[in-house]
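Paired with subunit B in one complex and with subunit C in the other, subunit A is shared by the two complexes that follow.
Right after this comes the complex of A and B.
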């Protein structure tokens, strides 16, 4: 350990002081929830990207993950349920220099707000979308949602869920995302790398982070501590960047495939197309 | 004769779900939102336990929850859902469709204020935004009234001459999550009161197929809306009749079902209220009386249809009304005050009216605050 690090350990300052809104702390996250570490690496990734913090906007919808935007000391928006992506598109097209990051949960982004995700990916909106997937609606008490896997127990699936969940990386890839990655909250180093790459990307980048939710997911699935969920991830995770996204659905017994599945260059973004449209329209009118 | 009832302690949301259980809806479609969630959670448990034979449809948003109920109501079955706040707003397209389409869906709204900023505490801004959506709106003052009103709503809404959806309103947390005393009848007695929905207003029939929601020209459209206005007028009498029948069977009443007066017929000052503030006003009035002040109250229980005649009659006997609103019509006043003033003006009643907006976003409205308001108004 270097002397600098030693000093840091002894000081009352936190390395990310200034990036959190102190007035909003303490946060609402339960003990064992991974949203704290995910917030931490998101800030680090933004920090290390070298982007002027004044050019960063973070947008969330509703739910536990939806609270993250409010804790961050950037321009941050805690928007309506399911709508962070259209809000983010508005922020993005009004200033192409602005880096817009959506961070929200699986319920918000893929149940009530599902349509926005597929349209934004199709149009290659110039935003980064981070989905923290906890496999259920955490904030409202643990109902089954669109990522609840077959056999998973939730308040509305007391006999185990019967429905097929979304395979989020595959959904993003088939809809046209230029960057798609999935990691678990245990692997914060790779999560941070993925955040950094996604932020640096032009176009629609998507990172799925499998989060630990001991309170409303874990308790009903023999994983009642944050640590147990992370151990479950450690046991089940297989890193395979070359995996076909069609084959990486999450279920009770198969390995969880993680990795960077899509990384495409040079695809026109929604903003590029809007600007091109403006040029065409002006040329036609002889302006 | 009043039927046997058992006194239980339960939250306001429990009371709403028991009323729904006893009414035996065949379809419930639901989506969670604080502070409503436990109503439909209870119902899903009742279905699971075999106490309620209903299709319980889990959907991906409130918009879909009401849409699924609309489909079910069209097919001619008793239908129930519940929501709050932003969830109600997200449903709004279908809320108007349901009202204007005359579908008798029962949907308790657990009142919660609207964003931004995010806040889960009560005010009436959410349901007040749907004043003009063609729904019957009744505001309740305690857990018992939530049960009673929700049960009555089925009988009122499903009458063929009414055919309007109902929105029983209950203050979030103050009623929804607070445990109180509720006298529950036997499920059979409750069901017998409203009866089965076996002669539906609308029913799918392959022998007589109908097209719903087609393009409608101005002539027919305006006729439809006029029919709705007339149905709302009829609903006033229906609410009174059903309320009276309920009283005979279960022994409880809330004024005449439209408005509930409290205190002397005539007083120096009248508090006009909605919801739990109406209950809190009783305490204020009793304490003011001990101090020698003459104050009474009129709680508007039914807001849509608006009880014009009852308000006029009460105002005529009194001298000064102060209307307490728990919502604001920005750019004007509280919505209840606006309507009370308009009604008195139209009927040439010269009782003076003032108003105060209280309790927004869960701001506490204790009886002491009502006493302060009353004393100030009495001085002026």
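Right after this comes the complex of A and C.
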């Protein structure tokens, strides 16, 4: 351990002081939950983007991941269940300079809020959407959700889940997202890279982070510690940027394919189109 | 409104012959609305169409969302983005919006919702009139809050009350509903839009302290907190959870009590500023009609015909539906021997009137269940039949 690192350990200050809201810590996350490290790299990515912090807004829905916005010391919005994306669109189009980041869970973004996700991707809304996928509804006690894989045990799938889960990167890519990546919470370096790239992108960028939820997912599926879930990821993850998103569904036994699957340049965003419309309509005198 | 007349001005000053829907849209533009998020629904769609045409000309944005839920939360986002924002819908769409109207109440977010009522329940009568969302606008969302709901009776008033709805929203920091109906939305009559200088505009109160000192939910003596929005450096924290003055979730009895009491009291203590009624020939009236919206037009006709026959009838027209004019109706109950309440529903305002009169006079509802407004003769016949 170097002297610098020693100093850091003894210091009462945290390197991210100032980026977390004073008085909001301790957070509500369970031991072994990956949301802490995801929050950490999200802040680093925002920081390193060079965007004026005044121009950053973070929006969440409801759930464990939904709490992240409220810990961050940017303009932060903890909205209703499933609705962070349209709220973010309202924030985004009212200031083309504003960088709006949505961070929320799989249930929030893809069950109750699923329609908003696909429509925002179709519109190419100028927002970054991060989904922390923990394969279940954590905050409400571990119910099955739209990303629960077949055979997974949850409180509402006591005999094992029957339904095909969403393949989130494929959904995002199909609906028109300009940037799509998936990594696991084990690989925070790549998660951070993906956050940085997504934030730098104009248009609808999407990052799926496979998270660890030992409390309500893990203990019903022989992965009762955060570490075990991360080891499970280490064992199963295969990096393949060139994968066809149609082939990267998650199931119980197959490898988990991670990577950057989509990165499209220069597609006009919703905001670009609205601004162009203003110019055109002002040049005409009605129809 | 002829398209040739539409210049790129917020205020379309002049004399127009137009519909209630277009008039309400013009009112919103005149007071500075810069964002419309909506979803098509009869009989309100002309508002969205008009905003789609006009907003880009004025440097504003129109987004047609995927549903009414996205529309309402989208306009709340736009309001926190710093612009005046609105949506328009009808009963079924309003039903979808109510959860997030509650979010707007809890987070004290200014915006307006125009509800052009049709007959319900459910899909009901999409193209025909109703007045059936009275209680939905009051009690639709869960929890305690005091909504402001305004109810125009003419095309002119659709314009004027759209302005007032925005002004109340900005002044008191809440979503305000402009409760129109299909008849008003689709009927055409004269609209006079005054000079831009005559449009009274209220803007949300801004913080005077620095971002370091600022507490986003610390109210002034008037119970209304100044509003810093996104991008101003105040790093606002907004949540629908029970929150303290910092805006931080604080889930305890004291914080809940203080917050919920305040967001109700900021309206309750200002009823005088908010409640508006029109009184017509009430001074010597022995019988009163209480009506609102398009039905009030018919009711005025009934009063005139009754007077011709020597029956002393007067009209109390409700312009503000919520908060309800309890005191005014209680006072009226002391004076008249009977109150008639014609409305296009099965007794929503009638029951409120019964509550206010405390048994001091007789109250009789004249109900139509949706699809048409009352004929003046019909109301008169009811009065004569009882005489």
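Before moving on, here are some points about what is shown:
Here is the rule we use: the second predicted complex is superposed on the first by the 279 of 287 C-alpha atoms of A that agree within 3 Å, B and C clash if a C-alpha of one lies under 4 Å from a C-alpha of the other, contacts with A are read in each partner's own complex, and residues count from 1 in each chain.
Just so we're on the same page, a residue touches a chain if its C-beta (ideal position, glycine included) is under 8 Å from a C-beta of that chain, and two chains touch if they have at least 3 such contacts.
Model, not experiment: these values are computed from the prediction.
Applying the stated clash criterion after superposition on subunit A shows that subunit B and subunit C collide.
Legend: residue contacts after superposition of the two complexes on their common chain; A:111 is shown touching subunit B, with no touch to subunit C.
When the shared chain is aligned, subunit B comes close enough to touch A:140, but subunit C does not.
With both structures placed on the common chain, the touch criterion links A:158 to subunit B but leaves subunit C unconnected.
When subunit B and subunit C are set side by side, the one touching more residues of subunit A is C.
Applying the stated contact rule after C-alpha superposition, one finds that A:274 touches subunit C and leaves subunit B untouched. Touch criterion met: A:78 reaches subunit B and subunit C at once. After superposition on chain A, the subunit C segment that clashes with subunit B is 240-248; the remaining candidates among 24-32, 168-176, 204-212 or 240-248 show no clashing C-alpha atoms.
Counting contacts by the rule stated earlier, residues 78, 80, 82 of subunit A appear in both its interface with subunit B and its interface with subunit C.
Within the complex, the subunit C residues that touch subunit A are 3-4, 6-8, 34-35, 37, 53, 56-57, 59-61, 63, 65-67, 69-71, 73-83, 85, 99-100, 103, 230-241, 246, 248-249.
Interface of subunit A with subunit B (complex): residues 62, 78, 80-82, 111-112, 114, 137, 139-141, 143-144, 146, 155-156, 158. Per the touch definition, subunit B reaches subunit A in the complex via residues 31-34, 37, 41, 44, 48, 58, 60-62, 86-87, 90, 115-116, 118. Residue ranges on subunit A touching subunit C, taken from their complex, read 21, 23-24, 53-55, 57, 59, 70, 73-80, 82-83, 85-95, 97-98, 115-116, 119, 270, 274, 277-278, 280-282, 285-287.
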